[in-house]
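Okay, structure first, notes after.
Naming follows writing order (A, B and C), and every chain is counted from residue 1.
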Amino acid sequence: MNGEGRKKRKGMSILVFSGDLDKVLAAFVIANGAAAMEVPVTLFFAFWGINALRREERVRLRSKKSLVEKMFGWMMPNGPNRLKLSNMHMGGLGSKLLKREMSKKGVLSLPHLIDKAREEGIKMVACTMSMNIMGIREEELIDGIDYAGVASFVDIANESESTLFV
Amino acid sequence: MNGEGRKKRKGMSILVFSGDLDKVLAAFVIANGAAAMEVPVTLFFAFWGINALRREERVRLRSKKSLVEKMFGWMMPNGPNRLKLSNMHMGGLGSKLLKREMSKKGVLSLPHLIDKAREEGIKMVACTMSMNIMGIREEELIDGIDYAGVASFVDIANESESTLFV
Amino acid sequence: MNGEGRKKRKGMSILVFSGDLDKVLAAFVIANGAAAMEVPVTLFFAFWGINALRREERVRLRSKKSLVEKMFGWMMPNGPNRLKLSNMHMGGLGSKLLKREMSKKGVLSLPHLIDKAREEGIKMVACTMSMNIMGIREEELIDGIDYAGVASFVDIANESESTLFV
């Protein structure tokens, strides 16, 4: 946790704070690239970034949401197909063109990059504090996600060679 | 400064460049979390991030500002209560709902997180070059802030286990 | 690439993902500051960040662009003088005032910072995957740039003391 823990440092960690399509894409491209080079990677999703992990379909919740929690859920994009570009979104035209070019040029789409990351064993952690604030429940997120708080992120950052805030 | 300095590396540093409420919140949540785990933290505030440290009340300046410096001062949010969300700000409704949920769920507000960081001895440094460009004076910022330039940030980053650009 | 490579770690790397004037300025101020302290720096430009390296003048292309590639080229800013602020851009007034204040206060402008970075031998790498997706060609970027993919970025990050995602 402090200087003494340095011997074990390895790999890369990425705090995916943004829910912008372009930035989430960057996080997954880097993560999959690192995994292909056998560099261990952990993706920690907080705040807007958690929207990238939401299931598209509505799920039956174990407990009811408050009105404000429902509103957050409606206003935020659910899943990788609904994320918006940070720039040049242009009502969806920008994202559509970007996805088209990626597909034409053989670059995996975000949903495929996420699937690949799970297959490669890239650790994905969702921030429980962000989920609590925004009223997002575990059953609303895709499978294969771990759940942890900020202390866990600090540990991950301290154990990694490099940490990016995306 | 270079490879030789590695023995002394410890803790975490965060360059708070953004003045968005959500990102400044993230920086202080991580910083306070790390401090609670006895991981030393330095927050370096540059550009928009400096707005989080501005006093809400008007202060008597030691020297006059130019018109452009006054304009920057008027247009930028003064203090943590005026910061806007990077997304879903919706004329202030988004921030209001977020703050309400945080309070309901026992998460400290940004002004309280800043107070706590100062009590915990988290080092907070304001970038003098940014302040010079935007015409912000030391007397306009809250107490307990150090002042330094970019060389100081490079040193801090080199002495830290991990550095985040927020 | 993994823990074994740690002995060689040194310096700083910055992934310039953003094409916002303020963030690109921050990246070059930090990079030039680090270089002045003899800390080795690598700037890796991806996605919007590549726009900072585009030549202002139109260049003769070796091969034709598709319509979508041309559209991307028209809509994105070409070169450091056309980048927009992430906040307070106000149709260009904000950037104009910022540049005026920087010049009045003796801070190098972005084009000058870029020139200085090249003179100082700061390594600048453009992400070939981003260029491929957006249809940007090598002949459209300024001289002195290296070209590499994501694997190269992972290596750079692993060899640096600190890595920033800007």
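What we mean here is this: a residue touches a chain if its C-beta (ideal position, glycine included) is under 8 Å from a C-beta of that chain, and two chains touch if they have at least 3 such contacts.
The structure displayed is predicted, hence computed values, not measured ones.
Undergrad: Tell me the angle, as a multiple of 5 degrees, of the rotation that maps subunit A onto subunit B over the C-alpha atoms.
TA: In short, 120 degrees.
Undergrad: Looking at where subunit A touches subunit C, is over half of the residue numbers used by both copies, so same, or under half, so different?
TA: Both copies touch with mostly different residues.
Undergrad: When the centre of a chain is set as the mean of its C-alpha atoms, what distance in Å lies between subunit A and subunit C?
TA: Computed from C-alpha means, the inter-chain centre distance equals 25 Å.
Undergrad: Which residues of subunit C are in contact with two or more other chains?
TA: 9, 162-165
Undergrad: Where on subunit C does subunit A make contact in their complex?
TA: Residue list for subunit C touching subunit A: 1-3, 6, 9, 15, 17, 19, 46-48, 68-69, 71-72, 75-76, 129, 132-135, 149-151, 153-155, 157-158, 160, 162-165.
Undergrad: Mind listing the subunit B positions that touch subunit A in their complex?
TA: Subunit B reaches subunit A through residues 9-12, 22-23, 26, 29-30, 33-34, 36-40, 86-88, 97-98, 100-102, 105, 107, 161-166.
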